[in-house]
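Pasting the structures in now, so scroll down.
In the two complexes that follow, chain A is the common piece, with chain B as its partner first and chain C second.
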Partner chain A sequence: MLRIRFHGRGGQGMKTASRILGSAGFHAGWIVQDSPVYGAERRGAPMSAFTRLAREPIRERGVIASPDLVVIADETLLADLAAQPLLGCDTRSTVLMNTRKQSAELSPLGAVSREAIFAADFTALALETTQSLASLSVALGVAAARLLGLSLSEALAGVTDELSPHLSAERQAKNVALAQVAYARAEGWPIIQERQTTDSPTLVTLVEVAFDPPTVAAPSIYAISNSPERKTGNWRQFRPVLHAELCTRCWICFVRCPEAAIALDAHDYPVVDYDQCKGCLLCVHECPTHAFTAEQEVR
Partner chain B sequence: MTAQQLLTGNAAAAWGARLADADYIPAFPITPQTEIIELLAQWSAHGEVPARFVTLDSEHSMLTAAGAAAAAGARVFTATSSQGLLYGCEVLYTIAGWRVPLVLVNVSRALASPITLEADHNDILAARDTGFLQIHAETCQEIVDSILMGYRLAEDEQVMVPVLVNLDGFTLSFTREPVTLPSPAAVAEFLPAYHPRHAYIRGDKPMAQGTAVLGGAPYSYFRYQQQRAQDNALTIHQTIAEEFALRFGRRYDLVESFQLDDADYVLVMSNAFASKGKAMVQWWRTQGRKVGLLRLRVVRPFPGAAIAAALVGRKAVAVFDQNIAPGSGGILYPEIAAALYHEPRRPPLLSVIGGLGGKDISAGEFEAVFQHLERIASGTTVIGPLLLYTQQERDRVRTLLQIAGKELSA
Partner chain C sequence: MTSPTSPELESIQTLKQIAREEFILPGTSICGGCGGLEALRLAAKVLGPQTVFVNAAGCFTLLATFPYTPFKGSWLYTTMASAAAGAQGVRDALDVLMARGKLPAKDDVEVVVVAGDGSTYDIGLSATSGAIFRGLNFWYFCYDNESYGNTGMQMSSSTPYGARTATTPVGIHSQAGTEHGKKDMFEIWRAHRPAYVATVSPRFPIDLTNKFLKAKTLRGAKLFLAHAPCPTGWLYDPERTADYARLAVETGMFALKEAVDGVVTHTYVPRRHRPVEEYLQGQGRYRHLFEPTRNDAALRQIQDQVDRYWAGVHETTGAAR
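After this line comes the complex of A and B, so read on.
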């Protein structure tokens, strides 16, 4: 069995990527299972998705604890405790990373060997070819398909299956073009092989669940006003940038910001708190004088 | 033979309703079920499904509408989950008493509080005594098939009670796997049009349904009749299962035996996590350990005889409850113990609680359960309920509690 785990942020298309890979594998004659896991739907929040390809009926379900391939859509997830994309990776795992860095520049990734880290700027590929960040799903889904030895036509069949019910013919054509570019980008990378042996289960220690007083055991939160400690700035794919010369200080952005991440300075100009701003770009859309522009994050 | 396609559990449920040619679909959204009614709404809007699709203001109204339409002789499908099932629970008892044969899909999601989204079975088992039949599915294929079998069972004149088909949130609802959809023509032969003989309210055929009775004896009569209908369902289910297997090549019994023939040790599981148990059984077999699995599929009526037949004479049996009845333990454990009570060769039982709120049951935890089984087989007295909780999970939860401002003892 081949086990592939996708890590991304809500909106980056990793559920779709896992399905593109699943459909591609299905066209290639594999037995397939794919599934996403996420909490309350939030753009920018960490999520993951799982694809399994096998020759026998798949009895595993849910999370993949020991992945053969980890696909990481966003480098900032590496440092995110809620994501932990490298969890369960060992020396036989491969990492496919969407980043502007070269694979050699990436600091050691857990137990994964350097030769098994493949990096490319799929965001740039997506923006050049389709002008849409959502197309990251296609780029990474197809690159993963190539890493698993699926053919270009199987990968394209996966893309068509997933996108044709949702996209116009023109958008589909652009995504197919992106798929071809992304597949070509992954050519030359070695193909991941199925593990020949089943690992023995890792023994776990079961612990007694003792009584705790309700001050601990009731699901209440006493530490109030600590949400600023959860920095959500790295949820952004685009950052709003103010061009003060166009700003009329109408405060609409200040009022509308759903995260209260916009304050006013001593002269009543808006100031964005980039530690908290999630990049929803409501300010960009609401500003009547177009004083905010959206700039792609450089990470 | 129709080709396989990849479908989520939710899509499989919607296809079940579509293939069953439901007449009326009342709907109300709730995660993780909403995709079922979204797909049916889309098909209805595009004319691909002739059913009347109606959105209601709550699950209580939705189930009332479902029961009322079924009382008018329509074939009815609807779906809910978790809090929604509980909110509509009063109506479940009411319409089961009307003896109307609709199919309700529940997508299991653990109950508040604290609130969560992932699966366990406290929701579906809260509907255990409503009078509905219950079929619990392990795979996406089984969802479609159980809905079709469910209508046949519900509409049988020897039964005539509504059916709940259960599937797990996330692990089935959002999970795609290969599914073979039977052709509409083949389904129409297996499941002919429903012709109501006792519930057919129309303007020109007035009747009273679910009337008031006082004095106890009439009430007892009608309640005992529900018991007898469920008794019949045990036999009728097997007849339907045989016919289904002949027509479609897939056999579903009241319970499923997996590697049981020579098994010394048995895991009893239900729903999607039974797949994980089967994977462990396969692993143990490669290690020369004789372990098997009994999957509970039809939970109401409770197939006590089939369960007892599968479990007598084993060295030890672990009953997994993916639910918790605080103050008692697992909900299914006492039912299985009761089914074995009169058997002289009843095996030692271990009650295990795991998978609450979708918590994984890791291979390591299955190993720990197996070690307990060996202990009770060698004469250790009762252990349990064993609450599956690992050191790693405890440490992680302690971190969360600290972030929440809780003062923890060392």
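After this line comes the complex of A and C, so read on.
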């Protein structure tokens, strides 16, 4: 069995990527399974998705603890405790990473050796080809398919299956074009082989959860405004950057920011709290003098 | 209680009169670009720190996820059906404590229900009706993103005609997506004769602030419907939240109004309404009305409904069209 785990942020399309890979595998004659897992939060927050490809009926369920391939849509997830994309990786695991860095620039990731890390700037590919960040799903789903030895036609069949029927014909075509570019980008990378093991899932004892009275079981928070400790700044893919010389101190960005991540300094210039800004870019869009620009995050 | 926005003002005229201080801090799990949060944040600047938000289950459940809270005041979490009942309990408890001399009047807090449209229009309507009927002195803030957003955009009775949701997909038998019309919650609330009912938009912060300032002088049920553009569910880029909030008002699809003791006033009437298409186009939930073929019948129906509404408004106010 091949076990693939996708890590992304809500909105980056990793659920769809896992489905594209699953469908492509199905077209190649594998028995497949895919499922996503979310927390209570969505757009911007870490999520993961799982795809299994096997020659025999798949009896495993749930999260993939020991992945053969980990696909990381967003480099910032590496440092995110809520994501931990390298969890369970061993020396035989492969990592496919969306990053602006070259593979050679990357340091080893946990137990994964540098030779087993494949990196490319799929964000740039997506933006060039479809002008949509959501197309990362297509790019990474197809690149993963290539890493698992699926053919281009199988990968494209997966993409066609999973693209939303609500996409316009033009967007569909652009996504197919992106799939071809992403597949080509992954060509030359070695193909991941199925592990020759007879591991059967280990049985674990069920943990029984005892009943607690509501006074114990219902969480109470006694702190005041401690949410900034969570630092949602790592949700961001683009950061708003102020060009103060263009700013007229009109307050619009400050008033519009849903997050309260923009404060005004003593002279009424906006100050973005990059620890918290989720990168919605409302300020960039709303600024009447275009004093804000959006710059892609590199971390 | 003094207002953080303008302790001495009854109303504001410019953006720069909006409070600098924040009362809902960042770090919550709410989606980036949330129109509902933008509206609540502005409202909280008037309400100030001495508040208890009684939060019905919904997207805003994610405001306070253990062990974090963005609030300077308090927050109580309830089921979707019982936020207004929760508000009654909190208000009564505060009143009893004050009557017994155990809580000084200066420590009293405003009780504010925060609920989405699923709770407001559907599941919690009964409890709210009861609370208004009993003359409960409380605030009600509905962030209306026109669907059950937190569970994946299923239709609510606030979903407008023509919007596609997870439970009203587009198909041979339903080319418009949602076939029902949006429930008129403003009128349902107004029929209860509460102290104050208003609609607010995050894109009209001065209007929003003034409505909260006005309600502050009133006792009884103070009810707000906040238009809450939702990038996640309405399928548009988060940076465009303010655009869609503005277009909803400028096309006349979302009317900014208030009712004091049942008397309705429209607080902003555009001189000429833009065509509704300018609001609909670009939102993924309406894409099927434009692609692959234009659904002229559905678009006309939406435009006609808006035109009828405003014709009625102009008739009653005698205003020139």
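Following the convention adopted for this analysis, the second predicted complex is superposed on the first by the 250 of 299 C-alpha atoms of A that agree within 3 Å, B and C clash if a C-alpha of one lies under 4 Å from a C-alpha of the other, contacts with A are read in each partner's own complex, and residues count from 1 in each chain.
Rule of thumb we're sticking to: contacts are C-beta pairs under 8 Å (C-beta built on N, C-alpha and C of every residue); 3 or more make two chains touch, one makes a residue touch a chain.
Keep in mind that what you see is a predicted model, and the values were worked out from it rather than measured.
> Based on the superposed arrangement, let me know which partner A:Glu162 touches: chain B (first), chain C (second), both, or neither?
Neither partner.
> Figure out whether A:Val284 sits in contact with chain B (first) or chain C (second), or with both, or with neither.
In the superposed model, A:Val284 contacts chain C only, not chain B.
> Which touches a greater number of chain A residues, chain B or chain C?
Touching more residues of chain A than the other partner does is C.
> Just chain B (first), just chain C (second), both, or neither: which does A:Ser23 touch?
first
> Return first, second, both or neither, reflecting whether A:Asn226 touches chain B, chain C, both chains, or no partner chain.
both
> Does the superposition put A:Asp74 against chain B (first), chain C (second), both, or neither?
It touches nothing on chain B or chain C.
> In the overlay, answer first, second, both or neither for which of chain B and chain C A:Glu154 touches.
Neither partner.
> Which chain A residues contact chain B in one complex and chain C in the other?
The overlap between the chain B and chain C interfaces on chain A comprises residues 39-40, 219, 221, 223-224, 226.
> Using the touch definition up top, name the residues of chain A that touch chain B in the complex.
Chain A residues touching chain B: 19, 22-23, 26, 31-37, 39-40, 58-63, 65, 198, 201-207, 209, 215-216, 219-224, 226.
> Using the touch rule from the top, collect the residues of chain C that touch chain A in their complex.
Going through chain C, the ones touching chain A are 15-16, 18, 20, 22, 24-35, 37-38, 41-42, 61-62, 64-72, 75, 164, 170, 202, 205, 231-232, 237-243, 284, 287-288, 291-292.
> Where on chain A does chain C make contact in their complex?
Per the stated touch rule, the residues are 10-11, 39-45, 166, 168-169, 219, 221, 223-232, 235-236, 250-252, 255-261, 263-264, 273, 276-282, 284-286.
> Would you mind writing out the residues of chain B in touch with chain A in their complex?
6, 113-114, 117, 170-171, 174-178, 272-273, 275-276, 278-280, 282-283, 286, 358, 360, 362-368, 386-392, 394, 401, 403-408
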